[in-house]
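Here it is, the structure in full.
Per-chain residue numbering starts at 1, and chain names A, B, C and D are given in the order in which the chains are listed.
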Amino acid sequence: MIGYFSKVYKVAAALVTGHLITLKYMLKPSITIHYPTEKLTPYERFRGALTFDAATCISCSMCVKACPSNCIALENAVSEAGKKVAKVAWYSIDFGKCNFCRLCEESCPTKPKSVWHSLDYEVVFASRDEMVRCWKKDFPFIGKYFDRRTQDFKDPEGQVCIHEVPPRRS
Amino acid sequence: MTQDELLAKMQKKFPKAAKTAVQVKDYLTVSLPSKDDLIPVAAWLKKEGFDYLDMLTAVDYLGPVDMKGYIRQANFNVFLPEGAAPQAESAAVAGYAYRPVLELVWAFVSMKDKARIFVKLEVPRDAARAPSLSGLFKSADWQEREVFDLFGVVYDGHPNLTKILTPDFLQGHPLRKDYVHIKDRYDE
Amino acid sequence: MTAPKPAPAKAPLPEPVLNRKNGILMADRRWPTDQWAHPWSLPGYRNGALMLAGIILGILGGGALIGELSKWGDKLYALMAAFATAKGISTVAVDAVWVAIKVLIVLHVILVNGLWSIWWERKISAHIQSRVGPTYAGGFHGWAQTICDGIKLFLKEDITPAAADHWVHALAPAIVIAPCIAAFAPVLFGTDLAAARLDVGTLYVFAFAGISVIGVVMAGWASGNKYSLLGGLRAAAQIVSYELPRGFSVVPVIMFAGSLDLSVIADAQSGYWWGVAPRWFVFYPVVGQVAFLIFLIASIAETNRTPFDIPEAESELVGGFHTEYSGMKWSVFFLAEYAYVLLASFLLATFFLGGGGSPLPWAPFTLVPSWIWMLSKAMFMMFVFLWVRWTLPRLRVDQLMDFNWKFLLPWSFANIAVAGLYLAFWLK
Amino acid sequence: MTSEAATAAIPALRSDQLFVNLGPQHPSTHGVLRVGLTIEGEVIVKAVPDIGYLHRGTEKLAEARGYHHCVVLTDRWDYVASMPNNLVFCLAAEKLLGVKATPRADALRVMMCELNRIASHLLFVGTYGIDIGAFTPFLYAFREREMILDLFEMVCGARLTYNYIRLGGVMVDVTPEWTAKLKEFLEYFKPKIDEYDQLLSYNPIFMARTQGVGLITAAEAVSWSLSGPNLRGSGVVYDARKADPYCGYENYDFDVVVGKEGSCWDRYFCRVTEMRQSVRIVEQVLAKLPEGPVMAAGVAKIPKPAPGEAYAHVEAARGDLGVHLVSDGGVSPFRMHVRAPSFLNLAILQEKLVGMKISDVIALLGSTDIVLGEVDR
């Protein structure tokens, strides 16, 4: 008999302690970040979308070899005199296959890095063409994408980087 | 008990089970001459305390992997209309003993004295047959179905040897080195 | 060798636009430890709390307004009667109009409760789970959320599955909601503030509350899919078996009060022991607490809420008996559930917490009108319903049945016996 | 229709079996798993798990990639706790290369794997609570898990697919500010585990739903070669960190958590107590974190290990994760087989589910804590 009542008491006590915990957290403020108005700034080492700076790139194609899923493609520039120049004719990153593993940034020999991960986690593409972002001679810093329907280069309509220009890493 | 004691005890019971040339790094590896020794060896090991069949797999020693077995669908790149050059050309390494054989590997673990032993059996690639251990170890059931699905090794005495991982419409056994991918409706 | 051409002065890369809100860089204020260290600095938190208090006072004020109007009920009736005789209309018409007004008021209590309690449950469950709940609808802490949901559900397409039996499928929600509204007739909203003063009030309420199980089973069977069939059968077994302990746990209250009439039960609880403790039935030494708990648990089971929400267990039956409903028909089920929760809270307040009476005899408390006390007690009991729902896991079907037949029912009988002893020796 | 024809038309009343598909889209199958259940009333007569929906052929992919590139592949197996995936591949490759990670790298590896185990068990506690019907523990568990993911984001930049543990060491060293934040997390987290116990583990309804349900005896567990909390829940004392210590686990003291009868509650409680052990380990690692470089010298950019075979196994969150690597001396591994614990933990369902009720199916399926990325590879 006593065992029965002590069991009932234990069950009731366990239920009440559970309720007190939920009450405790009800009175604490919520920890929600309201996304569109309050955006989180990722930490400094965050691996967001790749960005590329054609000025400092010496087209050594180390990043092409380092990329596991073969996303990066580039072509060495040739000066008018037909001599190879340490510049890039064009450079393209296929964001559809990039798996944000930072191997390309680590293999890039230039100082500061010419391909690096920005802090942008809002990587959104309106179409599959937009996934392949290209850099050429006079393209803006963000680069353009080639739209097969209209056969011309366009600015990326999707979410532009959360930061206009991410912090450079030496 | 150290590897040598285990090997000695095993060779006393099964003289034909020889220590393989290529040992799995710091574990004992034993190879069996023919597929009928497998069940007795497994039963003896189970009695000896190796009652945990940790892993069951196969390796195809035919040669370097055939690149046509991979699906390469890069997004359209305006500068490379015909698609990027494949990255890693798998080349044969000179002097490595490629041989047209499927090597089946079993790993038994004895939890009491924390020992592990690898048992190997070489099986011809075309008529790859081996006795099924699902009678002794229940976990062999799914692992053997996986090796059948990916390598095409038929395990005699298996309750229901059917495909487990690859989709039904996929022909051929993907993990064989000479596997060539046949275009199906999911390839653009 | 010409001097190396100075590199063209490149425009410095613009500084990244980092995110500040109220001066706080969102990167460093991320961990709960920081946010709980100084809660009031959070932008939305302080006025959120004030707002919540404001809304509760607003609702109480609204209730008070209706309560105030009904105080002059008799004068209003006399006025109408005089007007009718002046115009030569028969008194029957006056009675009809008078009943129509009362029905309208009770119907609106249920509908406003639908809006209020759904929103309140979402806010309470959110803050229990340290998230925020509806915030954007209506600008200020999502007060218009339920109204928007209502409109959305009204505009949603009303799908009747092909395999369904159309008549039964359409009729089921009606049969679930109708008894619930009818059951509100004798319910007390303050001291002698009820739509109809029945001397068999308790019996009437339990009789009507039992009818809606037919609607649930009809919904389960008519939807024509396996999961809702299972859900409907489980609901039938659960609601019917929890009717018993719910009814028997009220018997001690009726024995003490001496009558089934709700207002007599409420008046029997007026007065104070030793001048301080109110003579509520919940404070009767053992009988009160046991009866209160059994009635509370049985009411939670009656309204299919966790830990007894077997019929619509998401992780098993996907949606239970109202899987195939959408649009207004689905919202009628939803409204019925919250109407039953309101009914149960009002009954708990009337039976055990002395509906309408103030807990303390001193001046400031007794001046507060009785409807405010009744409404706040009911709201507290509804909070307990919500609190239980967001804390406890779900029982299995057979455990639920064992718990009812082997624990609740025997103890409610024992409780009646002890109440009999009280009557014999103590309350003579 | 005359009444005789009508009565003739009604088949003899027999209770036939209902075929119900549990999944592949179902709220509690934790991924793309379809279990074909044949039920009679509420009792299950036959259960056929059908997997392969998430099969991406990582073993075939590995044969065409370099060793550094395969480490990126390993993140995608058990995506809930992917640090041990990286670790097990790196251990096997280091055995082939004959390279030894530096002591500081070993300590960091142990710390990251234990933190990842806590994060994975937190996800288990949350989703298992929802399976049994309690919604609130899920939010609390994810609030703590976010803090661990922040720590990972601070040190290696990713929150799920870390690619942090590399051949010969670790990607990058931790900053003193990171260790301070980690201490702050540990202090915050210890009382939280007791709260989960009060809120869920010792909750009578939860115990009624899980104790005595889905009993797996020790012999069955060994025969089905389960591993991790599923094996230890049935009372078998086998933990790869104790049986086959790697990365210096032998000089941290922690005890192997063992359950009693192999019920769902035992497996659940093994994981909750394991979180406490992991906190102990992380504290010990933090206490004596050795100095020195984090990446061993001598690992080539494109490693070509000598021909040979290696097998390494690690106590991952879900069980005994192993990698069998065969190298023919070429650029990419000749054969990589992944011994996935979830694949074997799932196999036991087809025998255990027969005769159970529907709500117990969800309890048993949840308690084995499988991740489909690792089952299908």
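Basically, a residue touches a chain if its C-beta (ideal position, glycine included) is under 8 Å from a C-beta of that chain, and two chains touch if they have at least 3 such contacts.
Keep in mind that this is a model prediction, so the values were computed, not measured.
Chains making contact with subunit A as well as with subunit C: D. With centres taken as mean C-alpha coordinates, the chain found closest to the middle of all protein C-alpha atoms is D.
For the criterion of most C-beta pairs in contact, the winning chain pair is B-D. Each chain gets a centre from the mean of its Cα atoms; for subunit B and subunit D, those two points are 24 Å apart.
In this assembly, the C-alpha centroid of subunit C lies 41 Å from the C-alpha centroid of subunit D.
Separating the centre of subunit A from that of subunit B, both taken as means of CA atoms, is a distance of 38 Å. Separating the CA-averaged centres of subunit B and subunit C is a span of 62 Å. Shown for subunit B are the residues in touch with two or more other chains, namely 87.
The multi-chain contact residues of subunit A, meaning those touching 2 or more other chains, are 15, 18, 21-22, 25, 31, 42-43, 65. Shared interface positions of subunit C, defined as residues touching 2 or more other chains, are 30, 32, 128-131, 390-392.
Taken as a contact graph, the chains fit none of the simple arrangements: neither line, ring, star nor complete graph. Residues 18, 20, 26-28, 42, 129-136, 138-140, 143, 147, 150, 184-185, 188, 199-200, 203, 205-206, 208-209, 357-360, 362 of subunit D are the ones touching subunit C in the complex. Touching subunit D in their complex are the following residues of subunit A: 10-11, 14-15, 17-18, 21-22, 25, 31, 42-43, 45-47, 65-66, 68, 99-103, 106-107, 117. Residues 51-52, 55, 57, 59-61, 63-66, 95-96, 220, 222-225, 236-238, 243-244, 307-311, 313, 320, 322, 324, 326, 328-332, 334-335, 337, 339, 343-344, 347-348, 351, 376-377 of subunit D are the ones touching subunit B in the complex.
Chain contact summary for the complex, subunit C toward subunit A: residues 10, 13-19, 21, 25-27, 30, 32, 35-36, 39, 42, 45, 124, 126-132, 135, 387-388, 390-392.
For subunit A in complex with subunit C, the residues that touch the partner chain are 15, 18-19, 21-23, 25-34, 37-43, 55, 119, 163-168.
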